[in-house]
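Have a look at this one.
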């Protein structure tokens, strides 16, 4: 048959996802929305009464909220990795993941951005954190890691949105073609009147290349900065040089896992097996394995050197992590992040989608726990033994509620994305068809 | 081609960012100088007469201005020392006398009020030779006292900058 | 002239209170013209000081009350006062919270039919009382007057009024009546007195059970004298006790003696001193013979102190030139208490240090204080229903007396029981009529805690509620009682009395200074050999052994005999030894804990023959096995026996049994670890000097300070953990009281904390931890909004209203001294009056911490500027330093080379905590057991 | 000597000769310190392991350029055995480590020597196994590549922590291990760059449209790695600078306070980052063989200088001994490439040039 | 406006394109529309350099400069000592500068793209003739230029 028809079929099959929402879809959507609502209520309670309603036990001044922040920023990373880095490496399998991954990046960042504000003691003066000229004639402290966050995450969000949108333009033109009425107008506007002329394509490719080139170091820098939120302190367990690369790897690790978690059901439900093949999954599984190895390396080195250095603070901390209040979590983290992924050395398991899905879930859990352990256990055991936590930190319903709410928000956004935008980058798929 | 594209790009980026800031600053700048409204006081005390006509020094009534952080309002005794005799027929003075006789202190409506977290000492400013009018304006020309200057941080700071006064946060923040 | 005086006071108060509201501080929208210009010298916004006397315990320390716009906002020890000389203890500091206590009784209350209280007017109350006085006199019932320890003019007045109204005045009731000591002195020297001990003159001090740093007679004065002497390195101090007290923890050496066996120890000492050859005046032969001979071994076996220890004490006494032995506290509150006290007396006699060290001329005024036996009798009389009106003033027998006395029940049998006090404690709740007393800051009066030392009680504000001083009540009663002319009010009565006593000039002087000290000739006393001998005879036979395990009821640093329980601040501040803030607990020794598998916070039922109590356990290092310890105020009406001879209570419950309940109680133990974990917060003097003062390697250019660099030196050798500084800090800086729930989450707010660190031998050292004001502070850099920064004077400033509450600063602070406001803290009226207007009260979500009392620095600099000079050394000091009874804390300018601070900071004992982190703190600690201020 | 398959005994002879020479510098009259040998080994071990690692990595990610320089890169693996033997010469030198005589499981001379020697040997064996496999283009090539990379990472990390970091005990940087093996890989790529220019430098056609030549790929790789290196360097520097904890800072202070050392330290950043980054930034230079060649050299130089800066402040190597050790290994290296690799061409080029 | 030639096979389309070029039709007159980027087109028709990179560089550069300027100037405007760090402490500022570099770089690149490829184009948003997935060549008549 004619190539054009192949392309047409691709259009049809991929855009099929944008059809009328079914009952299942609506049910899930309703569920996630309720999560968001309840999360908001919890936050409002905290806003009114004070941060004390959360379970913080001094000296554990940071806990679930910051954990969520790091977690979601981490999730965001794989998006850029898959679309930008793999683009530079000209890895084919990228095309079948980049759209959902990029969407994920944007949404995850939207969620992540909330947490620094949620965890503030006085959220109503959050604007103190932004460098804008004010009547007080005050600026922010650019020497504080938290301000670096503002810049890094802000930049990252902007760039990701641009990247996402640029990737969408030609596809939007296709959607425009298939829609009628008001929808048509909307998509026409969004597609900026894209034609696909030679000139457009040439500049487009250039733009895409550059965006990829910009995004790649950005990915690294953003999570480095996040890691420095901790590494810049002098706290044992936080102040260590390996944090930057370790966090970046961890971020990509968790992000990739989340991509799998999202794409596996998506492919199943939207029947996209032709465009997302097992080979693709195998290659992404390799990334998962690789990053897991880096993370494990970091675990080993950190602990090993604590012992090597013979520094009382460090040693006590790592002893505490493994055998103290939070030992259960610690060992969960080891299992999920270091041991389970090792099974992916087996090709058979790499290609077993169901198994891969389970692993990805475990990794998500593991990485969330990892951040929690790093943050909380280090705080609970620092220099002055007098302030060592006399009782274990436990999140209250507020924290739990807000955390669930964040997941709710993420999935809500993702569900909306499924129905409003092409879930795969059609044009690129056509290129390789 | 290249040259005439680079320039605008740079200009756009730099001036764009700072330009926005400039605008906001200017906008805020206006708000600082709009001053406050003039409330009706329980007794319509005319600074015009006392300051301009009689040219009484400020600390004739505000006795603590150079001794304490508070300028202090005059005790009715002080007022009466003159107004036992002077202008007794005026309605406002009658009010005053009534207050005095019934031993009811006068509750003026505060025109200049600072937030709780600010430490401000009239004494220090007076001793440093800051003229009352620099903050309180031409009181002598005001029938009713109204706030001059916003009392916002920026307002204090710009003066401190200009006069080389300390800009250590702890000088003013409790 | 009285009238004008009165007007002056009131004038000050009204005038300045009105002016106060034109302070910008309280952000009021009104701006007030008062009627009269206030007195000269009273300037709104400036603090004024007024002398007074603390009435929290019988010690009667002198106060200097800080007033702002007419409200007392801080109590400080009056410098130069013969009792406390500037120091003030944790209880004294908290006295302010009693004045402003939201639950103070606001007006007289009468119990109605339903047993509920309902308010009545004073007139009604007074007439009611006098009527019932009258008709009980008619019906042949006795009217009784019982009060807590009363001295000075009030005592005289009471006597007079009682005589006039034919009311029998009972011996005063104090839980700590020192009856054994009085008895012993009566026996030996014919002086039923608690003498005044001149610690400052001794070169060796042996305290037997006397907790001189906590509650014993006059703790602040003892602490001050002792620490002065120790500062000069002139005194060695051993302490013997069955349990573990803060006092014991601070002695140069502490010996745990078997409960009730102190007498054996002392007789051994005495015998040894005699054998060491006659020292004038020696002992009469019959006494000497009566004194039993003990070999070191048998003595050690009898006392549980190792032979080595015994010899050490023995030689210390023998070699000392002016040894002083003080017996008291729990050591004289057991069956052999009398002997213990007597032995101590005899040793003192033998060493010839009476009256040099033991001064009977200046006896502590305990003459009027009765014993538990007196209370037993009272209870009996009540039971017989022969009592008409019973006055109960400033005393809480219902709580303190043993159940066996059934005081509570019998109290009901009185026709009318009149409770006088400020809070509705157990006794007041039982009373029929409640007469609220004014706080000592609201009333006139005087106190004579020590013979010849009279201290002024002067009102600084009008009574907050409809209350009267005890004196006024008495006078009114008398006025009602018998028609003839009597002074209109207590104030006039006092002025007359003082006038007569000191003359007009003297009185004005007294009113200004706040105290007078008369001088007496030393009083010679002689030992009554016969009595002494017979006592010793008796001792041979009597076996004072207490059946172990024993539960010791220790006096409490925070609440004395429990009278401080009502004050929230005192429960907010943790007990220094256990770091437990809220709630009751039972201390057990590590050994006991091990063998019966007890953990901290585990609930046990402790019980004796006819009594049991459920208490959580705290494992207390340094406590000897077989001894449990509980604070007096933790146990309501404990099952105590009365000691036959002295009439005092036996503060032990022997044969106490523990039964695990298996439940864990929520006890806020604030310390995360009782040991230092080898982290050298308090370096081991063995290898001191290592790591300290090493040149700082840094990548940053040095930043200097122009005029001042404020710094603090804390002498750990002097600090005894009494926590007065903590209380002072709380009140000076409006630090909120957050309560148990937050303490359980480690969310206490105190800017200053006492960290006890135990050694393996159960020895403990205290580390006061506050913001170290680091030169290179980790907390500052991480703050995104410059809320924390380093100011030109070396202070680590926290700008509260810039803080957004990221809490990163606290995370990054290696000393963890930053406190976060997790909630809005409410200051229940009228407590808010106590707030220091020089500070902002911090709202929710803000980080706060020690500021080195920046408001005081500001004030001092302000003064300096006015006089065109720099701040002088010692001109400005922090609240903690000011209140410290031992003078362990020194504050000043490090740039001024000859300021005390810089001299001490330069001493070889100086070090800083976690120096290896390169934070370069401004708080220096002087370490090393070797006492001595190092300057 | 079964490490040297079939190749004539010439190489073996040379190795022995070299060994003797080095032994002279070690135990002979010239120098007793051993610092120089340590330095030489640090450099060459890094480079040699890097070469093999580069190939292994290339094979794993199916990079096309690898094929063109594969044989030369792999040809040097037997030197690993030689290096591990030379390492034993350092045994007496171990006592001059600051932790020497300190009790402890980790800081124990025997264990120290043991574990390092073992790991070097392991590296050699796995390298051998891999190179044989990949020369024959075997089935399990990839597995072996991965395997080698594991050993590579381990041995480089250990080199970082044991050989270098423990010199500055108690200074600690958890990143140093990763830092080392990234650099080693970087070195490997740099070498492949050099070899590539030698082999195909001439017939390299410049500037084909959308040119995706191996040369360009290599250049991009170098470019990327210079960025990666900068990232690692910065994240280590920043943490130390910001924490400013004396124990950590002393490491930097000693290297930035005295004059010649300071300049050297700073120059590292240029060799590793600024030169490659700035030079390779414009697209055209990526396809210019001489540029690539120069950049690769600067990277290798960077490695050398950095290793020197690490070691020098603690134990000063004597220039002469260092020179000898270094040259000896250089010569060996070249000869191995020449003889075992298809390197005759290379030599041809070298003579052609001179 | 000449009528467009529509192709359903890529090869066919490319063949025609090559033919046109061989026939010497002025390159400027050939307008090509493809459903996706076809590399060969660029090879057949002479490459014209894309100036997107100019924008990228300019943006990035201004970002770096702006970042440093901003941080340094603002800290100097109110010099506060924190943790003993120098007022102008470059190492942390690098991060801000870097972030801004990327931000401005990316944004201005995007801007450049829009400018150069004449997007958004109102006319085409209104109405654009759709060729679906077909490959289209239109040869503008001579007088077009």
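Chains: A, B, C, D and E, in written order; residue numbering restarts at 1 for each.
Heads up, the rule we're going with is that contacts are C-beta pairs under 8 Å (C-beta built on N, C-alpha and C of every residue); 3 or more make two chains touch, one makes a residue touch a chain.
Fair warning: this is a prediction, and the values are worked out from it, not measured in the lab.
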Could you name all chains that are in contact with subunit C and with subunit D at the same time? A, E
For subunit A and subunit D, which third chains touch each of them? C, E
Using CA atom means as chain centres, which chain is nearest the centre of all the protein shown? A
The chain pair with the larger count of contacting C-beta pairs, comparing A-C against A-B, is A-C
Using C-alpha centroids, which chain lies at the maximum separation from subunit A? C
Indicate the whole-number Å distance between the mean C-alpha point of subunit D and the mean C-alpha point of subunit E. 41
Between subunit B and subunit D, tell me the centre distance in angstrom, where each centre is the average of that chain's C-alpha atoms. 72
In whole angstrom, the CA-centroid distance of subunit B from subunit E equals 57
Centre-to-centre distance between subunit E and subunit C (centres being mean Cα positions), rounded to whole Å: 80
Which positions in subunit B touch two or more other chains at once? 169
Touching two or more other chains - residues of subunit C: 698, 700, 776, 778, 781, 783, 786, 789, 802, 917
Going by residue number, subunit E touches two or more other chains at 42, 70, 78, 80, 82-85, 92, 112
Mind listing each pair of touching chains for me? A-B, A-C, A-D, A-E, B-C, B-E, C-D, C-E, D-E
Inside the complex, what are the residues of subunit E that reach subunit A? 8-10, 31-38, 41-42, 45, 48, 50, 52-53, 56, 60, 70-71, 74-75, 77-78, 80, 82-83, 85, 89, 92-93, 95-96, 98-100, 102-103, 105-107, 109-110, 112-114, 116-126, 128, 130, 132-134
In the complex of these two chains, what residues of subunit C are touching subunit B? 18-19, 22-38, 43-46, 786, 789, 791-792, 795, 797, 799-802, 838-841, 854-855, 858, 862, 865-866
Subunit B residues touching subunit C - in the complex, by the definition given at the top: 63-64, 67-70, 72-79, 100, 103, 105-110, 113-121, 123-124, 127, 168-170, 173-174
Provide the residue numbers of subunit C that touch subunit D in the complex, in ascending order. 694, 696-700, 776, 781, 916-918
So, in the complex, the side of subunit E touching subunit B is made of residues 51, 54-55, 57-59, 61-63, 65-66, 70, 78, 80, 104, 108, 111-112
